[in-house]
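The chains carry the letters A, B, C and D, assigned in the order they are written, with residues numbered from 1 in each.
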Amino acid sequence: MNVGILGASGYVGGELLRLLLRHPKVEVSFATSRRNAGEFVYRVHPNLRGQTKLKFVTFDPSKITDACDLLFVATPHGVSSTFMPQILETGMPVIDVSADFRLKDPQAYIKWYNWEHKCPELLEKSVYGLPELHREEIKKAQLVACPGCMATTAILALAPIVKAGKVEKNRIVVDFKVGSSGGGAHPSLASHHPEHYSVVRPYKPVGHRHTAEIEQELSLLADGKVSVAMSAHAVNMVRGILATCHVFLTDSVSIVDVWRLYRQFYRDEPFIRLVRDAKGIFRYPDPKVVVGSNYCDVGFEIDKDNNRLVLLSALDNLMKGAAGTAVQDMNIIQGWDEREGLWDSGLHPV
Amino acid sequence: MNVGILGASGYVGGELLRLLLRHPKVEVSFATSRRNAGEFVYRVHPNLRGQTKLKFVTFDPSKITDACDLLFVATPHGVSSTFMPQILETGMPVIDVSADFRLKDPQAYIKWYNWEHKCPELLEKSVYGLPELHREEIKKAQLVACPGCMATTAILALAPIVKAGKVEKNRIVVDFKVGSSGGGAHPSLASHHPEHYSVVRPYKPVGHRHTAEIEQELSLLADGKVSVAMSAHAVNMVRGILATCHVFLTDSVSIVDVWRLYRQFYRDEPFIRLVRDAKGIFRYPDPKVVVGSNYCDVGFEIDKDNNRLVLLSALDNLMKGAAGTAVQDMNIIQGWDEREGLWDSGLHPV
Amino acid sequence: MNVGILGASGYVGGELLRLLLRHPKVEVSFATSRRNAGEFVYRVHPNLRGQTKLKFVTFDPSKITDACDLLFVATPHGVSSTFMPQILETGMPVIDVSADFRLKDPQAYIKWYNWEHKCPELLEKSVYGLPELHREEIKKAQLVACPGCMATTAILALAPIVKAGKVEKNRIVVDFKVGSSGGGAHPSLASHHPEHYSVVRPYKPVGHRHTAEIEQELSLLADGKVSVAMSAHAVNMVRGILATCHVFLTDSVSIVDVWRLYRQFYRDEPFIRLVRDAKGIFRYPDPKVVVGSNYCDVGFEIDKDNNRLVLLSALDNLMKGAAGTAVQDMNIIQGWDEREGLWDSGLHPV
Amino acid sequence: MNVGILGASGYVGGELLRLLLRHPKVEVSFATSRRNAGEFVYRVHPNLRGQTKLKFVTFDPSKITDACDLLFVATPHGVSSTFMPQILETGMPVIDVSADFRLKDPQAYIKWYNWEHKCPELLEKSVYGLPELHREEIKKAQLVACPGCMATTAILALAPIVKAGKVEKNRIVVDFKVGSSGGGAHPSLASHHPEHYSVVRPYKPVGHRHTAEIEQELSLLADGKVSVAMSAHAVNMVRGILATCHVFLTDSVSIVDVWRLYRQFYRDEPFIRLVRDAKGIFRYPDPKVVVGSNYCDVGFEIDKDNNRLVLLSALDNLMKGAAGTAVQDMNIIQGWDEREGLWDSGLHPV
């Protein structure tokens, strides 16, 4: 099967290329980039040197139907909603890793993104592409909106306990620690190595956009409005996110109960690992351990003194947080083994 | 004035040496270390090469009175309580950076440290050495118990708002990000560079010992039991702590109110900087900016959707988190300018 | 085919496990570890959680013949020479990543390793397992001695120009920058994160053991004694080695000549990439770009003022520097595609 | 005494501010910045928050005489030579940390910097501001040209042995490892954290501009043309440079000889430390140990097999590599203790 990638010069685009170039069931027929059109992709993604002779091309919507059977979109937020209707008309299945079709409520785009949605009618049609919550819908979707990297991290940590109705729904604190690749491929003073090395920078202590997605998905599960109080910090690593979710229990819940709940919820999930070890140095999820893999590690601990449950989840923001989930979604749509092209364990140590 | 340092081969001991060797009003008359007795201190603290010919000596309690006028203690937790009564009998003022005299309740040592206190009668006499809360008592104290590094970070962020009675006292979440020097000078698998590089490791998601100190001090301020739900993460840096405190407001509070409250509380404090900038890349406290200085930077932001106040504080765990505060305490005891020997701005970039 | 791994709890052992568990043509039938016998391998190699239920076992030489068809040995230096004769008697092919069979001259073990070789008669029989130099011998070998990680880096950079006879053979300077995983999995003060972060530590400015291998192999190519002046530095990364080789030309050599020489020498090599780009930020080899891959990137530049040729090579010390080459050697022995199990591009960014 | 700083918004400017604001004998009367005029200096140099209320101003050459008694210049290369004659006419002593007056030969600016010098007549008059070589001239200089950071590192390592005439003058290899602050305060793709983290990037394997300075100064010492073959690598740290100098001995030289030579050469130097220890983990110079200090650590080792002497030197590029030496030069000019304002040991660990 032929696939194309729109916006392939960013970090998520590069990761899609890495995964799709070696995926046994697909061929990458094109990868677009305005800035880098005509350039070998390995000039921008140096790891791909020797793996492909592909060059970036410019994007021509009218030629897409011929050129591929499925389209990945990794353009900046606000771009894909300008051309999506045109592409969908051709019947082409599309997996969009940008934010343009994640939220169901058009008003939410005004509140969180500060722009009015160009094609709000598609919001209902699009499927939020988190396999662990929407696998059945993804199978039948034409337009899949891949979740934000931080949203995936938080939702996978919180979903089982929120669904079980065991927590205070308006006292959910999610404290994120994020690697620098999450900020994208464009340099700025904030990402300048001398300014970013060794930081723990609270770059978005309140008001982060992913709040909207997390609340949307958790509210669906909880059958009632869930409010999420998130804060985001940049730390000194490149790949990875850790979400530390602090929730207050409304019920008497033991560690065994939590284990049971999470085991059951994620029973057959190929990319969720429950991590709560009594020994070793990696007793809880740590983004270091999932670098390069599609795993999301989820762990937990109970703080009896505060009736608090701490939920921890770690993933590679470019993999399970973006490109990995996108490929997983493609596998689901195509009816292939979900793990196809995603078998890698992470690297350790790295 | 002559000062001595017990337990000078650890990181806090090294920082005390660095500060005291250049303090204009003191001479370091001895520095003890069991493991390194007879060795030049610069062999263990290589930054001090060329700054001193001092050698480590072994500790002989009976000779202390003659050798110094004030004693710093930086021995491991549980050690100083075995010899403190003997030293105090001599009338010597002592500044202890270990945990042995921080808690007022002897039972708390059993709960949090798992040992019975050897001289509980001293707990009442000792002063919790946080100048911002206990300056007047420190002036008159013979035994000062320097706060734990994480405790200082959290207390300085929370004290004004907790004292003002504006927050839910049993929903206080404090999420810490800590540099590797906080774990001390002894290597282990967890601190092995290949295993520690790029981590965001939740090493103590619940049950951290500093909870006891934080709750003790905040409860004093609040005039009522304050409960703190803390979680600690190791991140990829050496010096520094960021505390992100998520508290829920019980009252309508604006950003201007918070500014006013914090400005007033810390009005004359030489080492507290309020940081909440509208531009630049360091808008909130970040441990990167305080490395090598005695500052604690405190910032805040309001999350109206959740009625949450996020308080952020950053300090250098070896400075304001330990040795810096110890020297500040000495300056207070001696009636000197509190900033003596502590004038350094941090390094930037570093 | 069944393979076994002796000494599988170190970093090279972990990387062998990672590669072999997903290699399409082999099964890992056992992995030994004295310290960790009985433990799940994912406890030691946390990236393998969810990938295998294998547990470490103790090593019983008498059972090896039944348990596997090919044996990887990743024991510490000096160990495999104590049991190798016994294993080879069974006819089992062995790939040893330790140093025990790399040097042809038994005296060299005394000079460089300070021990007398237990079975010097095997040194002649063993093959130095660098495919780019000894592919034909590897095909027929029973005992392959995988090169040291730094040796591979230097040899691959220098081989073409040394073979061409264009350089002063006794003025070859090789300056290494090495990631912390190269020091192995055992923690020490030198590897303690607070002591290792941000270092550029000249840990072996002269007298590094790998000198022996490099000189052995280059002398074979040069048909005459080649002397190598190497220095090794630890830097702040986990995986990767960069070798900067400074050689002085004996002949008039242009950049085009060097390109031609290296292109020809490495014409069909699947894992050598020549990197000397006129644009972009990765114009020369950089270990960052090869992390997780089996590539060795080789580049060069001419310094006319000094008649110097600078040769640069970068690889992942756990991959092409150890486990990757070991798997490549297995593929050669078995007559499989050399790239089997080694298709990964590196991760970027990471 | 009043001092001014031209070009104070870069990293060297920030370090000058840090040092001069607390220097007991000077007042900073102004700090200029085109981009940041009107802004508080702590907005750009966040470590200075709370230390000064100074704001950046624009540069007006006609007002300089009134505003200060001594001028520091930290403008980009090629700028100060456009206004220097005008300033010097006023009799004002100037310490320039840019490259504009370091080289004595006007032709060298064409070769290495690709521009023609605007006031070549000043080159003879300016003094190369390395106190260890030119202290007496600095005392009497009106225009001091501070050395480049890499030049200082290499020269201090090589000067004694080159002066002694013991090495091959055309086989001197200097391999540099440089922190990211050496690249300045302007962000670029190369300095983007995701692209710069974990690198060992050979950014200038041949043809680095500092070659000119190093050769100029060493040739003066050697009384004959010295040729230096340098290569520069960016590594994953912010502050610091390590120079590894590989030289070949023309004479029989023992370690004791080298010790004697270096001890004698640097006998009374306050900022040179000779580091070659038989134990501990910091046996040789390492930039980690000098961060924040004005020390240059120099060490050495002999490689008998190659008749090679390895010289190692480490310094903080913003301190002894730039602002620290500039302040030292001011102290010399003024006849003050050279260490004034420069007493700091580095931080350890950091």
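Things worth noting here:
What we mean here is this: contacts are C-beta pairs under 8 Å (C-beta built on N, C-alpha and C of every residue); 3 or more make two chains touch, one makes a residue touch a chain.
In this text the structure is predicted, and so the values were computed from the model without any measurement.
Both chain C and chain D are touched by A, B.
A centroid comparison over C-alpha atoms places C as the chain most distant from chain B. Remark: chain B and chain D have CA centroids separated by 36 Å (rounded to whole angstrom). Computed centre separation for the pair chain B/chain C is 46 angstrom, with centres defined by C-alpha atoms. Spacing of chain A relative to chain B, judged by their CA centroids, is 38 angstrom. Multi-chain contact residues, meaning those touching two or more other chains, occur in chain A at positions 11, 179, 181, 189, 194-195, 197-198, 236-238, 282, 291, 349-350. For chain D in complex with chain B, the touching residues are 11, 14, 18, 21-22, 43-51, 181, 238-239, 273, 275, 277, 279-280, 282, 289-293, 295, 297, 343-350. Remark: chain C residues 11, 179-181, 183, 185-189, 191-198, 236-238 touch chain B in the complex. Residue ranges on chain D touching chain C, taken from their complex, read 170-171, 173, 175, 177, 189-190, 194-195, 197-202, 205-207, 211, 227-229, 231, 233, 235-238, 240, 242, 244, 246, 248, 281-282, 284-288, 291, 299, 301-303, 305-306, 308, 310, 312, 314, 349-350.
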